Structure formats: structure tokens, C-alpha cells
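Naming follows writing order (A, B, C and D), and every chain is counted from residue 1.
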Amino acid sequence: MLILAALLGPAVLFGLALLAATVSRRRWANAAVYGACALVAVAGLAVAVTALLNGSTETLTLPLGIPWIGMHFRLDALAAVFLVVVNLGGAVASLFAIGYGRHETSPERVVPFVPAFIAAMNLVVVSDDAFTFLFAWECMSVLSWALVVSHDRDPQNLRAGLIYVAMAGFGTFALMICFAVMAAGGDFTFAAMRAHGAGLPGLVLALALLGAGSKAGIFPLHAWLPLAHPAAPGHVSALMSGVMTKVAVYGFIRITFDLMGPVDWTLSLAVIAIGAVTALLGVLYALMQHDLKRLLAYHTVENIGIIFVALGMALAFRAAHLPAAAALAATAALFHVFNHSLFKSLLFFGAGAIQNATGTRDIDRLGGLIRTMPQTALAFLIGATAISALPPLNGFASEWMVFQAAFLSGSLPQWGLRLLIPTAAAILALSAALAAACFVKAFGVTFLGRARSAAATAARETDRVSRLAMAALAGGCIVAGVVPGFFTNLLGPASQMLTTARMPIANAVSPLVPVAANHNTYSGLIIALGLIGATLLVAALVHLLANRATRRSDTWDCGHPEINLLAQYSAGSFAQPIRRVYASIAFGARETVEMPAPCDLAPAKFTATLHDSAWELLYAPVGKTIGFLADRLNPFQYLTIRAYLGIVFVALVLLLTGLAIWS
Amino acid sequence: MVVSETLILAILQAVLVMALAPLLTGIVRKTKAGLQRRRGASIFQPYRDIARLMRKETIISHDASWIFTAAPTFILAATWVAATLVPTFAQTPGLAPIADLIVIVGLLAAARFALALAGLDIGTAFGGLGASREMLFATVAEPAMLMIIFGLSLIAGTTRLAEIAATVQATVPGLHISLMLAFVGLAMLAVVENGRIPVDNPATHLELTMVHEAMILEYSGRHLGLIELAQALKLLLYVSLIAVVFIPWGLAPAGSTLLAYGLGFGVYLIKLVVAAKLLAFFEIAGAKMRVFRVPQFAGVALMLALLAVLLLFVSRSF
Amino acid sequence: MDTLTVAHFLAGSLVLLSFSLLYQDRLPPLINTFAAQSLVLALAIGWQAETQHAPHLLITAAIEFGFKTVLIPLVLTWIIRNLKIHRTVEIVVGVGPTILAGMALVGLAMALMMRATPGIGVLARQDLVFALSVVLLGMLMMVTRRNAVSQVIGFMSIENGLVLAATGAKGMPFVVETSVAFSVLIALIVTGIFLFRIRERFDSMDVAVIDQFRGER
Amino acid sequence: MGEFLNPAATVLILPLTSALLLALIPNYRVGAWLNIIATFATLCAAGILVVARPAGAFGLLFVDDLNIGFVALTSLVGFTTAVFSKGYIGHELATGHLKPAHLRYYHTMFQILMGAMNLALLTSITGVMWAAIEIATLTTVLMVGIYRSHAALEAAWKYFILSSVGIALALFGTILVYSVAQPVVGDGLPAMTWTILQAHAAKFDPALLNIAFVFLLLGYGTKAGLVPIHAWLPDAHAEGPTPVSALLSGLLLNVALYAILRFKMLFVGAHGLFSPGPMMITLGLVSIVFAGLMLYRRRDIKRFFAYSSIEHMGIIAFAFGLGGPLANFAGLLHMAMHSLTKSGLFFAVGHIIRVKGSQKFDAIGGLTRSHPLLGWTFVACVIAIAGLPPFGLFTSEFLVVTAAVEAQPLLAIVLVVGLLISLGALFICINRVAFGEPKGKVDTDEGTLLPIIVHLAIVLAFGVFIPGPIVNWFQHVSRMLG
């Protein structure tokens, strides 16, 4: 009974959390708790992988929750895939935390919540009825909220936590309504919903987008994400960005692919469009950031966009009864989910390590860390290459599949899709290029050049365990990029379940085949070997033939040496051309330069202003409205007794009049 | 037997591109000189330059990290692999399975990534300036490239170069318009990607106008040589890409006689020369444009490619 | 004249007296009018006791008379003397509009009660109409008067309406207990006004002044 | 005389006799202990009552599924409150807010209140219930005013006047119901007895019944603190002693709602825009949204949670207004969970006020740093009251929302908006009180948190698993409510 094992994991983790709450202040608690957490997560990973391999579907019902329904659990291919993501992420994050957590100032605010958080995410994935799902989902939100506000001395974190929890509540209620619409006659089991599909597909999909999408961070609901994710400690940011957003994606997939039954192509149109916009704007936001963790959080938004585009295409192909293409798109989405969880966790670990080493996340205060933190730098570089979708790493593999799926849009019957998907593909290519630019910026400004602050100069390499965790993830990125076939095979059952078809089997070595029809193939292995071979060859030739004499000297400084190290190319200056070209349209970016009068020794001022439309049009008005209404209603606290009597009287008369007229 | 032949072909291909790359650059320079009423250096000058650079002592800044020293090798390697994947004079079945257009774009992107990092490594303003501009151009070039690939894959039903070439060889009437648009788009992209006039001027060293040169400003000796070689390779790559996609005629099919291979080689050389002359002519004709005009320039390419794709939907009744 | 007309007459005159309560804008006549209303109520209850052969209602009548007709008015008069507010005129809404509103309320009461099926006795129904009118008018009074004393009077006239309804409902138990309970309530309010630490803390009887002690502002 | 031996009677006799005793005992320590013992005895009696379940009526009392559970709940919360109150008033004496004389009076009132509430729940006569609720109100009025401060007296006075009007309205409604029933079931007590009324409810005149319900809804709704007739509630909670706030929010509001439910049960097949259902839904939604918005400008922590109580009463009224097995179940669950959570929350607030020496938000902050255990308990309580898992209120809110979506989708959206508004306010409160740099005084907290922990544990348990018997009970009652 794998399902039992899959439930045992969360149970143990919850117990661990309770235990941790009591001992968290002890010196040994950190290592012990996280170690145990990692072990449990690894066990869960093993369970999930076995479930994927023998592709069986197991269900279990416990007499908990709503009495006449009970708590239903189900371990099928889809759940197993996401169990892999959750537990892998959880395991590595715990491993990283063993080292990272030692620097935690108030561990009692972090240590107990992490195992429970991982457990809740496990539960979401295996739950099989609306109540259980939302129960676990909201537990997940609350626990992650507790982690977001764990550094509660900074009011910014508290604000982020507030916005986060409000959005989480919004999402949960949206999903609640969504399930209520789908549940016929108060039967909240997913089985029942599967049985008779969705009555109002449009409404259900919209609600699923609002509910799961707000958690995943689709535009324009994303605005909480770059506030909340960076506020948490490094390993938690990794969990939230790398794993929790995937759980949200899981919720969306579960509803749209599994529970709704057949979906009309027009809905896929919406999903693709939203995904594309999210991807582009996410990466553009990211380019404008100079807070490393916030930059990474915005990249999460971008990747979620890519995933949603792929999912939308899968829906479209499925609606058009093109199973092969649908399988390709779905597998691409799932594979990208997996990959993103790898490299995003890796990058957040790197950011956490940097924050520990230098005490800042502002990359304009960093620089030259590649010398002080060489191994972290290497790991971060691998992560950056992967997320920039460069061969032969995993990011490229999954994006290659997405593009291949897009190229099949020609065979779709609907004009709308045939025109939308190429555009979306172009946007994805654009965002990939922007992502590359963004990570040249992030890596270059953070690790290369010269240190911009004393903290950066004094930085030291992080501890061994943290590096081990990062190394593991970097290795994962490489393996998943070099032998993607192995992973797409694993995803086969899931795609079978979602689209009634699966990608052609590719054994580990032989290249990846998107669909049998066209003969496209991608062999990460050969590309990697080719690159390595060519590199070695070139290196060897140069070594043999060229002059090996090398002299170290100063950088050429055009004759006037830079005194101020801050005068190096900064994040803002690197992004300036892109800001001019794109952001002026996207966020109405404006640049103003105040030049002092001639012979005035005052420094010139350069200010660039951005407008976050999502925030200004969506979030701020809500706050304003509530504040306004609250102010307007507040006097009701101060009325005289006579006025209160008057209100009672009016209420009475109104009700009686209504009775006299209408009843 | 067949295996060995494909292997030989692949190796031959690899060696060939590496060998011909400086020549192409040389021809371009020579032609430009001629058009400018100068005698100009011989078409083999690039070989000599690279050789000299290789012989020179290399100077590395104190602030350089291993990225700076490793980048040139990687850049050349990546470009080389990419260039090898493009069939030049004959079908290369050994490489066909991986000769995927997106992969080639990806490899070039990887090379660019490394180059930009190297530009930032020293921490001089030039490097950063060059890197950020290079990445800006990339952000416009890559979607356009992808659109072109999209169009081609719609025509050929695949993104594998070999089969695209085969399809175009047996062109269906009605596709010409899209092909033409895609061709123009790709040509413009080639200009952007290789930093030729009007986008960038490989011959200038005026700080404010340069892009590519700004990134490699700190390089010297063997590193510079490798980068120069990679530049030349990239140019060759694009030329042979255009050649194989839009004028695949004369491409020697796999497993044909030596004579056929020879023929294909001859045809390929002719293609190279013609391309070089055209490029030189256009460079003479145009002047370098402002950096912030470049996105518009590449944007035109994107529009053309998009148009090509949409026209395909019209011309084809799916 | 038969039972119905007498009951009708008495109950109707209760409503009229409620109107004149609304009409009074100074305290002493207000108190007197209230005493009159209580007296009429006592009579009405007595009549009901007679017609319903429910002698225990006579107790209620006695309470109404002794407590509300005699005692309370005296106490209130003493209070207003004591607090020197017997000359004050404290009406929020003018008399005219108040009377009009009262008319509307009576109309509402009738419209409501007339919908009821004639299943319940005619007597009970009339009494309900009048009782409802008296209750509503009493509330109107509490709302439109600013002075605590007049508000108490409003409250007591509400209670008059309640007792009328209770006695009108044939054979309703606990009427006596209820009227006692209410008398206690009123006594508490009156003592509250006078003794319950309010006089010593608030100089005026104005509820609005009491209200300046908000929990938060 | 035999009926006085049955547990139903003991639940009433115990508090009243102990009230008598407490009135006689001058020593407040003994009083506090006796208070605890009495409430505990009442709790045991209620336990026996639940177990033995003596069916049917005894004189003016009767026991059925609807009231028995409430009796148990009332006795339980009464007991924990008494335990909490002992520590609390000890501190009030120490700080000189109260004098021993006050306490004697306070304990007496406490017991009278318990007895009156149990009477209101157990009586089978509408009129007696009315009287019992009036008594309960008066006792709480006196308890609210116990501090004799300006604010306290003003709050008590406001409470007194408004609830008196409410009482009057409720009585008029009761009389109307009688005069509706009297022609059908005959004169006298029968026309006031729940069982008989319910049996003949179908034959009653709907028009008059509706009028009656308007008065009952506004009358008892005043006690239940539904907007717009809630005005007394925030001040009464804020100015009275904290145990009283706990009793008010946890129990008295429930009793008032119980009364409304009793009368609603007479409306078999009542439809139309102004039938009970829609009226309760309207008042409920108004309460939810209004209270949610009022939460944002509060500076006084007790007043803050008083408004939160109004919001929850709104949710419950909404649920019962919807009707149907699902919504009724949700309403009952929500009533139970809310009274446990909210009373626990007020205990926690009491501890906070004790350690901070003030009940203004400005003086409270960083509790999880200065008093970790108290702070995190408070956070847990607020999360529970916000209707988040793993606590019981999540289950009930889930059921309410889903039921609403099935019945009235648009109203469901209003409901959800209201819930979200208050969610935000509650978490702002957490941020101010529990997090950030510690503010204000940091006295050590000598009282025991056990009552709060117990309440939280029950609520948590219900969030995960609702015991079978209770489920059956709820479901049966839901069917009764129709």
C-alpha cells in the first residue's frame, strides 16, 4: 500500500514539527530536525518514484474531516509526479537548512514550521476530495505565512505576510466556490466530480485560474509573490518558489485536466494568453530588480507563465483530439515543473548563502564573490544557465519541448489558436532571451567584477552542507538536461492520464522524440559530449600550439583609474537599455537626469521610475476601498443612544413595511 | 561501413568549417577594401592575424576570474559545434539527429551568455556596456529567429535542418512568399547576430559605438585569437545556414560518390563567395545606426518572420 | 353598548393618548398625559378581565393603576423638579412631522394586522392593531425625544402597548408576571436615571451627554 | 416534586442555590472557589443530562436534541470561564480595579447568569424563556458596569436601554405568537409550549407569524448582536471584566440565537421575501460585512474581538437563514466552535491585558517575543477565529460557503467578500499584537493558560475529526430546523 506510505510521511513530519516546537531553541535541534525532515522527505521521494514506476492508482478513505464524506486520498500518476517534486525539494531544502539554519537568529520561529509545511504540501497532492484538498491547501498557506513573518522585526516582512495571507485566503475561497460549483448535491469527492464533469466549464476554469493561479503567481495576481517569497529564510524561499508554486500548478492541472472532463478550446485560449503575458511581464519585472531574492521570485512568475502556456496548449490539443501533441505539451509542462523546482531551489540556496555571507540581498552592494565563494558561484552559474534555457542543461530541454509543441499548432483547426500560439511562442522566446540577459546581470553583478562593499570583500564560502545541497541540485540540473529522455519516460503515466497519450519512449541515451510524426530529436547527451569534446580539443590545441606566456596586469582604465568601486557597471545600468526598449511600454518607465549647472560641483542625479500596473490597478484600490469604507462606517461606533434606538426603530419599520407590501 | 562514412563526413564537416571560417572573413574584408578603392589585405590575412595572436603573450587583468580565461575556449567550442551541425557541402546523416535549429540557436545563445559574462568579469564600464547591449540585441533577435524556425517547421513539418533542406529542394509552389520573407528576416538576423554594419562595426574601436568589441576589449593574445576565430565561425555558420535552408541546391546527398561530394564542395564555395560579396556590398552601402535603433531593425525581422508564419496559414489549408 | 365597542373605545383612546404624548413638548404635561394613558390601560384591562372572566387580570389592572398611573408619575415629577429640568423643551423633530409619522405608523399597523386571517378573534385582532400602534408610537417617542425622562415615558408607553396586547390575547398566561417583571425593569431604569451613579457623574439628564464617554474616539 | 431530582432541574437548581450562597459569603477567595465548584457541578449535571437524556417534558422544562447540546456547551464554557475568572479577578484586586465587595456581587451575578441561561435553554414555555433571557441580560448589565468607571457605566447604560427595548420587542413577538397559536391549540399554557406549538405549526396563520418573527428577530437579535441592532455589544465587551466578555460572546449570544432558532422552527413552509430565512440572511450578511469593516479602525483589543463576534453571529444567522441540512449543520458547528474559540480568545486577551496593563493596541506588541507561549497561543486563537485550518471553524465555513454557492451564488460572493475583509483585519491584529518589537510593559504572566489550551484542543480536534454521536446529534437537529 503505497498510499499508506505516502500518508505516513506527512504524519511523521507533523509529529516532527510538534517535537521541534518544544526543542527548537536547543543547539542541536536545527541539525536534528532538518536531518530527520530530509530523511522523511527522501523516503517520500522513494515512495513517489515507485508509484510512478509501477504506475498503479491507489485510493484510501479515512473517517476524518466532514463526517459523511470522510477524507479521501488518492495516489495516481499525476499525484506521484508532484510528490516527487515536493519531496525532492523538501529533502534538498532540509539538507541545505542543516547548514544554513545555523545562522538563524530565532530558530524557534522557523524550525517547527518547515516540516509541517512540507507535510501540508504532501497532503495537498494526495488529497482526493474538496475538503481535504482545501484543508491541506490552507494549512500550507498558513504555515508558509508563519515562515514569511518569521523575521518579524522587519515591518516589511509583516506587510508581505499580510498581503500574502489575504491573497491566500482569496485563492482558497475561489477554489472553494470552484469545487462547490463542480460538486453536485454536496458530494465533494473528486471521484464524483470526475464522474459528471463540470457544469459551467468557463466559470470553473476562471475560478481555478483565480484560486490556483493566484497561488502560482499568474499575472496580474502575482504581486504578493515577490513580496512574500523573499521575506522568508533562504531555504523556505526555495520551498515556496520552487515547490509551493508547483503545488498550485498541480491544483490547476487536477481541476482542469482531471476533474473538469473535456474542456472547450476557447478556454485553452485564455490559459495560453495569460501564460504568455505572465511569462513576459514576470521576466521584465525581474530585470528591473536589484534585490537578488526578489529577482528570483519574479523569475518564478515567468516560469509559471511558461508552464501555463504549455498547459494551455495541452488543453487545446486535447480539445482538438490530437493526443500525441497534447501528450508532448503536457509532458513539457510537467518536465518544466520539475526542472524549475530544481534550478529555482538551487538559485534561492545561492541567494541565501550570499545573504548569510554578506548580509545583503542588494546585488549593487555585491560583486567579485566568485573569488571568495567559488563553489557557490559555480553552483549559481549552473542554475543561471539552466534557467536561461541554455543547452545542454535541463531548462533548455523542457523549453525545447514547449517550442516543439508550439510548432504543432499548425494542425489545430481553430484560427484563434493558430494565430495565438505562434505569438505565444515568440513571447516565450523573447522571455527566454530576457531571462538570459537577466541572469547575465544577476551573476555578473553579484559574482564578477570587483567587490562593491566591505561586506562583499569579507564574504566567506558557505558551510559544507549547504554546498552539498547546492551541488546535488546542480547535478540534478545537469543530469535532467543531459538525459531528459529518462525523465520524460517517468512522466509518461502522468501524461497518459491527462491526455490519454504519452511521448514516444526514449531510453536514457537515445535522443528525445517529441512526436513520432516529425523526426525532430534532441539528444542532450550528444550535445553535451560534443561541447565537452570540442572544449577539450580547443583547449588542448591552444595548450599545444599557442604561446602559454601569461602576464597579470591592471585593467586598462583609459588613463583615469576608478576610485569608487560603486562606479562599476551596476544592475540598473546593465538593465538600462532593456528598460528603455521594453519597460517604457510595459511599466511606463521614465528616466530623469538632473544635471547641475556648469561649474556646480553637485553630483548629477539620475532617477528611473517604474509603475507596477498590477499593483496600482488591482491591489492598491482594494486597500483604498476598505480603508475608505472603514472610515465612513467608523462613526457608527460613536452614535448617541438615541441614534441607536433610531436605527432599531428604522429597521423595525422597514421590515414591517416590507412585510406589509410584499408578503 | 556506412557508420564510418557518416563519421568521416561529420569530422570532415567539423574541420572544414573551422578551416573556411577565416577565409570568409578575409573575403569580406578584401571585397570591402576593393569597393572602397583600396587594395586591402589578402583574403588569407585573418589566418595570419589569428596565428599572430596565438603567438603573442597574453595579458590578464588582476580582477579577472576563471570565467574570463575559460570563456574564449567555451565560446569557440560552442560556436564550432553549432557550425558543425549545419550541413555545408553535403548531407551529414551522422549529425542529422542533433542538427536541430533550436539547438543551434541555443548553442549560439550559450556562447553569447559566456561572452557577456566575460565582458562583466573585469568590472570595467566597457565590458558591462557591451554585454548589456549584446543581450539587448539578443532579446530581439531570438524571437525573430524562433519565428523563422516556426515558419520553416510549418513548411517542412520538422525543425531538422537536413529535412528542411530536403523539403525546400522539392519546394511546393505557394510557399515562395513565406520563404522569401523568412529569407530576408534571416539575412537581417545574420547581420544583427554577427554585429555587422549597420548594427555594429567590427572594425571600430570607438568606445561609445562598439558592442562586441567592447566586450572583448580586455582580451589579448590567444584568448583574443580564439574569440576572433569564433566570430569568423559564427559568420560562416549563418551564411551556410541561409545557404542550406534557402538555396539547398547542390547539397551532396549522403552516401554519394566522391565526385558528387567534390561538386557539392564547389557549389558551397561559390555560395560562400557570393554571400561574402553581398555582405560586403551592403556594409559599404549602409552606415552604422544608433544602438536604440537596432531593436527596431531586428523588430522588422521579427515582423517579417511573423508575417511568413501567418501567410503560411493562409497559403496552406490545414 | 356591547363588549366589542367598549374594548374598541378604550383601546382606541389609548392610541389617541399616545398621539397626545407625541404632541406634548414639555415634561409636566407629558407626565400627566402618560398617567392618563396608564389609567385608561388599567380600565381596559379591567374590562378584559370582566369579559374574559379572568380575575387574575384584575391584578395587572391594579399594578397598572398603582404603579404607572400614580407612583411613577409622582416620582418623575419629583425628579424633574429635583433636577430643575421641568421647563426644558427638548424635541428633536418638530411636533407636526412627528404626528404625521405617527399617523403613518398607525396605518402600517393596520395594514399589517388586516392581512391576518380572521381565524383569531376580532377582539384580539383589534387589540393587536391598537397595541402595535401604541408600541410603534412609543418607539417613535423614544427616538424623537432627547430627554431621558421623556424617553422613559416613551418606553413605558411601549410597555402599555405590550400589556394591552397581552391582555387582549385570550387566556394568555403569565400576564401578571410579565407586567410585574416590566414594572421592575422600569423601576430599574428610573432608579438608573436617578441613582445608578448617573446623576452624580452627569449633570444633565441628556443621554447625549452620557454618550460623550465613548470607549474610543 | 420528583422533577427537581432529574438532571434537567439540577442544571438550574445548582447555579441558583450557589448564587444564594455566594451572596452570603463575604470572603472573595472562598467565593471564587465556590464559583468554580458550582460551575463544575453544573457541568457534571449537564454531563449526566447528556448521557441519561431524560426524554420529554417536566413541568416547565423539557429536553430535546436542540437544547441539550447547548446546555452542555454552556456549562462547559461556564466552568472554564470560572477557572479563568478566579485568576483574573485575583489580579484585578491586586491592581485595585475591584474591591472584595464587588466580587461577592460579581460571583452571585455569575451564577445567576449561568442559571438563567440554562433556564432559557431548557424551558418549554416561550414566556419563561423570555423572562430567563431578560434576567440573563440584566445580570450581565450589572456585571458590565461593575468597574464603575465612566466608560463602564456608559456602556452598561447603553446596553441596558437598548436591551430593554429589545426585550419589549421580543415580548410583543411572543404575545403575537401566542395569539396566533391560541385559536388553534386553545387557551393557556399549551399555546406557549414549544412541543405543542411545533406540532400544530402548520395550521398557524403565516401572515401574523411573519409579523411576530420580525419582532422576535429584532428583539432577540438585539441580544445576539446582529447589525443594525448590535450597538451595545462592542462597548459592553470592551468595558466589562474580561470573563464577562467571554461569557457574553461565548454563551449569551448563542442563547439569543437559540431563541430565534426555536421560533424559526415554527415556520414550516414559510416562503417569500420577508419570511424568516431571507430576513436572517439579510441581517447576517449585513453583520458580516459591517463588522468586518469595523474591525479595521479599532484601537481597543477587546472591542476588536467584540466586532469579530458580531461577524460570526452574522455567519451563523446566514447559515440558518439558508436552511437545509448542510447549512444548518454548518450553523450548529459554527455556533459551538465559535463559542469555544471566542471565549478562549477572550481568556488570552485577558492574559494580554494583564501583562501589558492596557487593552489598547498601541500598548501591545511583540508578544511572541516577550511572552512566547501566550503570544503563540493568541496567534493560534486568532487563526482559529479567522476560520483557517486545522481548526473547526474552517469546516463550518467550508460548509456554509459551499451550501451558499449551491443555494444563492451571489450571496455566497458577498459572504466570501465579508470573510476576506475580516481575515485581513484579523491578521493585521496579529501583526500588531504578536509580532514586531515588544511594546509596553512586559510583566510576567502568572495565570494559567490551561483553559485556553483546552478550548483550542477541542476546536482543533473538531477541525480534523467530529465524533459520531455529535454528528448524529447535529444532523438530527438540522433536520428539526428544516
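We adopt the following convention: contacts are C-beta pairs under 8 Å (C-beta built on N, C-alpha and C of every residue); 3 or more make two chains touch, one makes a residue touch a chain.
Since the model is a prediction, treat every value here as computed from it, not as a measurement.
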Neighbouring chains shared between chain A and chain C, ordered by label: D
In terms of CA centroid distance, which chain is the most far removed from chain D? B
When the contacting C-beta pairs are counted for A-B and for C-D, which pair yields the higher total? A-B
Per the C-alpha means, the centres of chain A and chain B lie apart by a whole-Å value of 35
Taking each chain's centre as its mean C-alpha position, how far apart are chain C and chain D in Å? 31
When the centre of a chain is set as the mean of its C-alpha atoms, what distance in Å lies between chain B and chain C? 100
Between chain B and chain D, the Cα-mean centres are separated in Å by 78
Where does chain C touch two or more other chains at once, residue-wise? 112, 115, 139, 142, 151, 210-211, 214-216
By the touch rule stated above, which residues of chain D touch at least two different other chains? 157-158, 161, 165, 207, 211, 234
If I count partner chains per residue in chain A, which residues reach a count of at least 2? 637, 639, 641, 645, 648, 652, 656, 659, 663
Per the touch rule above, enumerate the chain pairs that touch, sorted by label. A-B, A-C, A-D, C-D
The chain C residues in contact with chain D across the complex are 112-113, 115-117, 119-121, 124, 128, 131-132, 135, 139, 142, 151, 155, 158-159, 161-162, 165-166, 168-174, 177-178, 181-182, 185, 188-189, 192, 196-198, 201, 210-211, 213-216
In the complex, go through chain D and note every residue touching chain A. 157-158, 161-162, 165-166, 169, 207, 210-211, 214-215, 217-218, 222, 228-229, 231-232, 234, 272-275, 279, 290, 293-294, 296-297, 326, 366, 368-369, 372, 383, 388-390, 394-395, 398-399, 401-403, 405-406, 412-413, 416, 419-421, 423-424, 427-428, 431, 435-437, 464-466, 468, 471
Listed in rising order, chain A residues that touch chain C in their complex are 637-642, 645-646, 648-649, 652-653, 656-657, 659-660, 663
Within their complex, chain A touches chain B through residues 367-368, 370-371, 385, 388-391, 396, 400, 403-404, 406-407, 410-413, 415, 418-419, 422-423, 425-427, 429-430, 432-434, 436-437, 440-441, 443-445, 447-450, 511, 517-523, 526-527, 530-531, 534-535, 537-539, 542, 545-547, 549-558, 567-569, 573-578, 580-582
How about chain C: which of its residues touch chain A in the complex? 92, 105, 108, 111-112, 115, 136, 139-140, 142-143, 145-146, 151, 207-208, 210-211, 214-217
